[in-house]
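Chain lettering (A, B, C and D) follows the sequence in which the chains are written, and residue indices restart at 1 in each chain.
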Amino acid sequence: METTIKMSTFATVKRMTMICFDSDYMEGAHPRILDRLAESNFEQTTGYGTDAHTENAKRLIRKACGCPDAEVFFLVGGTQTNATVIDGLLRHWQGVLAAPTAHINVHEAGAIEAGGHKVITIEPDPEDCSKLTAEGIAATIKTFSDDPTCEHMVAPGMVYISHPTEYGSLYTLGELEAISAVCRDAGIPLFMDGARLGYALASPANDAGLKDIARLCDIFYIGGTKVGALFGEAVVMPQPGLIPHFTTLIKRHGGLLAKGRLLGIQFEVLFSDDDGKPLYVRTAENAINTAARLKEIFLGHGIELYMDSPTNQQFFLLPNDVIKRLMEAGVSFEQWGPLRESVSPVRFVTSWATPPESVERLNEILDDAVKI
Amino acid sequence: METTIKMSTFATVKRMTMICFDSDYMEGAHPRILDRLAESNFEQTTGYGTDAHTENAKRLIRKACGCPDAEVFFLVGGTQTNATVIDGLLRHWQGVLAAPTAHINVHEAGAIEAGGHKVITIEPDPEDCSKLTAEGIAATIKTFSDDPTCEHMVAPGMVYISHPTEYGSLYTLGELEAISAVCRDAGIPLFMDGARLGYALASPANDAGLKDIARLCDIFYIGGTKVGALFGEAVVMPQPGLIPHFTTLIKRHGGLLAKGRLLGIQFEVLFSDDDGKPLYVRTAENAINTAARLKEIFLGHGIELYMDSPTNQQFFLLPNDVIKRLMEAGVSFEQWGPLRESVSPVRFVTSWATPPESVERLNEILDDAVKI
Amino acid sequence: METTIKMSTFATVKRMTMICFDSDYMEGAHPRILDRLAESNFEQTTGYGTDAHTENAKRLIRKACGCPDAEVFFLVGGTQTNATVIDGLLRHWQGVLAAPTAHINVHEAGAIEAGGHKVITIEPDPEDCSKLTAEGIAATIKTFSDDPTCEHMVAPGMVYISHPTEYGSLYTLGELEAISAVCRDAGIPLFMDGARLGYALASPANDAGLKDIARLCDIFYIGGTKVGALFGEAVVMPQPGLIPHFTTLIKRHGGLLAKGRLLGIQFEVLFSDDDGKPLYVRTAENAINTAARLKEIFLGHGIELYMDSPTNQQFFLLPNDVIKRLMEAGVSFEQWGPLRESVSPVRFVTSWATPPESVERLNEILDDAVKI
Amino acid sequence: METTIKMSTFATVKRMTMICFDSDYMEGAHPRILDRLAESNFEQTTGYGTDAHTENAKRLIRKACGCPDAEVFFLVGGTQTNATVIDGLLRHWQGVLAAPTAHINVHEAGAIEAGGHKVITIEPDPEDCSKLTAEGIAATIKTFSDDPTCEHMVAPGMVYISHPTEYGSLYTLGELEAISAVCRDAGIPLFMDGARLGYALASPANDAGLKDIARLCDIFYIGGTKVGALFGEAVVMPQPGLIPHFTTLIKRHGGLLAKGRLLGIQFEVLFSDDDGKPLYVRTAENAINTAARLKEIFLGHGIELYMDSPTNQQFFLLPNDVIKRLMEAGVSFEQWGPLRESVSPVRFVTSWATPPESVERLNEILDDAVKI
């Protein structure tokens, strides 16, 4: 088994003095996860999530969600999870309601339509284009029912929201309660995309805990990929049986990992807890803290917010020359859409792994970039 | 970042004295892979396979395949890879030719049909139900073209084979050349599912090397999941441009890993080489050696072969009482279909990780089990 | 509104002395249907089957089937009907059981797979490859349930049979009862493709009436296209609610005729009755009588049957030189597969419109063709 | 063949004094079509459009379109045609650009998504929400190409427009030329839904003739259902080979009519011509004339236009009490969306079959309804 490998065969990733705020999936995983993967490496377990680690991870998640009967499933990535869940919930006469900016509508390369389903975009919150409102959902459902031609239209069959949203914003507990009530009234399930759920749970601005979410959503997922895992999303159905044969659907969607225990082990680590708080939330706190400091730094330099986000994605309006100078100084981040005439929106993202010193270094760079 | 985790939160996997031959995905990954993942854990790289590790892994694979222009893509699992490749190759009037026993026909929960494509099963090799023959493929294509109603039928649009096959057997180089010639003559692509390709390459019975495969197939994949990786399959298109926008198709199929470098790093390790042979093949040799010893042991105990396989899957005809005794002695393996009256087919699988001592221990257990 | 049209703009169809037995959709419609279409031409009715003719046709069909609560829907053609019904019945983890020769498996250009569904072919009746047996269905369901890997497989979700079959044969009432019992036991619906149902009902060999079929099948359709209508198939669900929102599914499948009344009017005519027997069955009798005479004529000339059919499709084994001479004499019919060495299978089809004199003329031609 | 049918079995459609302006598919077909169907009823022809009538209809259409090499195909209905054409043009990484109000986006029950394709809605003409603009299409294509995440998005793969539009409006020849140029520049096909094309061609406001359309569109269809046929749409591909195996795709979509000649015969009649103008256009003129008179009448009563349409659909803003009185007087038409507070939009549709006297009768009714 021992082998000697010429190191020259490996890529050398230029670290330079780059300070990266591009996304929350730039690093690997929380070190405890790597440790556990190494420790368990030569265990022999059966495949496809039938192992004891996976069973244990489910138990820990059920406990954290306060729903002892919940069904829990693990998938590898977010698009896969959205496509499989939506395919499992909708019948062929139905579509999924979502905001125009929703990830499923814009950035999943048609994965939902690949399953034969229409994404029905509806008017978002006038204050926040990444959020739906209970009123908007109710109005859409009513308009559909009232339309004499509705038999020729795709019926609202479920509601998709994300928390945090694509713009880092949060639903309040009250908003979630109202949306949930509308959905239950209409008899259609509410699905929460929680790709970044950890960053909601770790944000002081958040008042909807895991147990609230489990009470108000019919199905949701707890994102691992962006919150400390190598990869992995945990789908939770508080009421078992919501989607029969879900394992077969996951397989059909190419999402059933052969070595399913890799998912089990990672969520075992993430939902292990020390002081009554799972590692999943604790490790997310670093992202919230560094993001808050980032906002403070930018505001301190007279930079305006593009949107006000209480989580790990921060959006600013930067003068184009500042954008240029930051890039020249080795700071990487995303322009949010095309450059505008003089001031353009940008996104800075922190994560569980963002070194606080990177943020402070950015502060210094900004002194120069803005001063000039 | 440092955390203390109560170990009691983790599952304890019963190792006992179990000797497991259930499958080739029971362990984690080659230790070098885990090492590299740990070493590179805090590198910051862009997502979705745009990083330097992935680029480097592609370079190494192109070199090993002897096709410097090849396009290489990484996906997470086999079903996902099959579904995405087939979806990329077929137009809507076409289907994929395959053996009735093919994985895509039986064990992928309808993932091919989910893309709207028909699996057209054809007569397999009369000597080996898991193989297609050039004659069989040619006859199917001719029957279709000759049928006056063929405009109402699904046209043969590509050929799917696996190497090794579902039954561990191998195509000879001559057979692959004949099949390739039939496909090129008909103008339809040949796709090889190489989920276990490493075990073919490491088998002394194999005479088709990676460069032959790259020359004869229009597209194929090099399976990592079952051959030393945590997960991952490397799709190779020797002629670039075979499937335009394949990255978008992977995303659409939910197969684009956010932290794409995890795949790049694993294949960097697997295609690093020491003595002119990639680790991928060297680590597979253990499976071939232990499988050969296994066959020797069973034959030595007067057990008959169910099929004669030169790779890591071995099929025997075991008396039902021997099956029972082996299980009681802690040996795990798969029955191959339902129990028959007195003697039933079973499958034993070895892998890159199978300890030789497990095989020897099985030898002793078999002494007792058969003796009685 | 009056217009003069130059007749030279129309195609002149060569009638010659051709005697045609190619299929049962070579002519237009029963003259009463054309009359009623003309009579009702300037009525103004609402679209999509919401008109009084359609309502009335449904009433007549419910009455003929003896199921006053049945839901009845009209579609234009058979492939469309099969695809829509199967799409409506199956969930994504399920497939449809069918004979390998089934129309849905061979001659619908992948319309079932286009909906994402697998056609699971099973062993047909050893005596008749176009029929399923209750035992075969039960065995397939059991094999699936017993398979430890069944979560990775497409589950049997419904059964598809045709009556008459692709080969003109019929299920006995006893066979239908046995198949129905197996399906109900397994909790999966039984669907009968009745594209040629009229020819079953008009055959003296048939002992399963419309009321039996309505009692034993969960859904079936009464084919109009091949039995006297211009086009049209009537789907009957004896228990209402079997497929919710079926109208929307029909629309989604492109099968909702704008001028739905055209279907209503045709089935009004076909299910109007004179002496306790709907025109649908009475007009089919001509096909049965001419087919029986055809069989008598061929047998009288020493020709062997390829299969023994009691309905309007007749299959013979003709010496190749007789085939040639018949064609030269202006008789058209279908070879059933490729020509064999000296004697080849052929299909002759009669219909509601076949002139008895054509059959007698064939008798004379055969005298010469066989005599030589 | 002769039969006596009790007339009481037929539905009696209440004609009363109803004056119907609900839609353009309320009557049957142009009488010449019924005549030809009757005349040809006992011809025997081969199926699926392989007959001489169909061939002849194609010839007439090619001639009318001025493109002798065009491929022409006949389908039964509009949704089916849209779904089949779009499915034939798009690859899986692509979607279809359309106005939010487009029929394919709103009223086809998800038929496009059923084929796995996304309808990408774009900003319509600010003056007419049912039209696209060349600028809007170009901007969408540019935004897509400029987006760094475009590999994760559905690519613009074709453009869908309708002429006349959903609101009865028309593209000018100049607009079509501009749109066509943008599409050709981008290398994506332009598809025109001509469900009501006859009403454009018959409108004096229209300056784009069939030959222009054939020159500017890559594919379009000539709608029969709403313009004098019983049913039927003729798809024209000016450059042959645009969609290979289109017949098989039509079959796969359930749109291949067994008695294909019914479509051929109808279009033979519609494209027969007397004075250099096909019956198709001549019969449409009645709709244009009655619609123009309708507009005159409404304007004469002080009613405002909701939109100004030069074709057979007219949109008005009627006081709610006038709506009520018209309905009470036996006038039927469609409310266009929900009732508003005091004045609501309504749609009146004329057709090839609208009796001019119905319009004059409406004039009288309106005198009373508005006077009060």
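Here is the rule we go by: contacts are C-beta pairs under 8 Å (C-beta built on N, C-alpha and C of every residue); 3 or more make two chains touch, one makes a residue touch a chain.
Note that the coordinates shown come from a computational prediction; the quantities given were computed from them, not determined experimentally.
K.L.:
Starting from the Cα centroid of subunit D, hunt down the chain whose centroid lies farthest away.
P.N.:
The chain farthest from subunit D, judged by C-alpha centres, is B.
K.L.:
So which has more C-beta pairs touching, A-D or A-C?
P.N.:
Higher C-beta contact count between the two pairs: A-D.
K.L.:
Subunit A to subunit C: how many Å between their CA centres?
P.N.:
Centre-to-centre distance between subunit A and subunit C: 52 Å.
K.L.:
Compute the distance, rounded to whole Å, between the mean C-alpha positions of subunit C and subunit D.
P.N.:
32
K.L.:
Between subunit A and subunit D, what is the gap in Å from one C-alpha centre to the other?
P.N.:
Once rounded, the distance between the two centres reads 44 Å.
K.L.:
For subunit B, what residues touch not just one other chain but two or more?
P.N.:
If we look for residues of subunit B contacting two or more partner chains, we find 92-93, 108-110, 114-116, 151-153, 248-249, 251-252, 256.
K.L.:
Which bits of subunit A are touching subunit D when the two form their complex?
P.N.:
92-93, 95, 106-110, 113-119, 143, 146, 148-149, 151-154, 334, 338
K.L.:
Considering the complex alone, what residue numbers of subunit B touch subunit A?
P.N.:
The touching residues are 1, 3-6, 9-15, 18, 20, 22-23, 25-32, 34, 36-38, 40-47, 51-53, 55-57, 60, 76-81, 83-84, 108-111, 114-115, 225-226, 230-231, 248-249, 251-259, 262, 264, 268-269, 271-274, 279, 282-283, 286, 353.
K.L.:
Which bits of subunit B are touching subunit D when the two form their complex?
P.N.:
Within the complex, subunit B touches subunit D at residues 48, 87-88, 91-93, 115-116, 151-153, 155, 244-245, 247-249, 251-252, 256.
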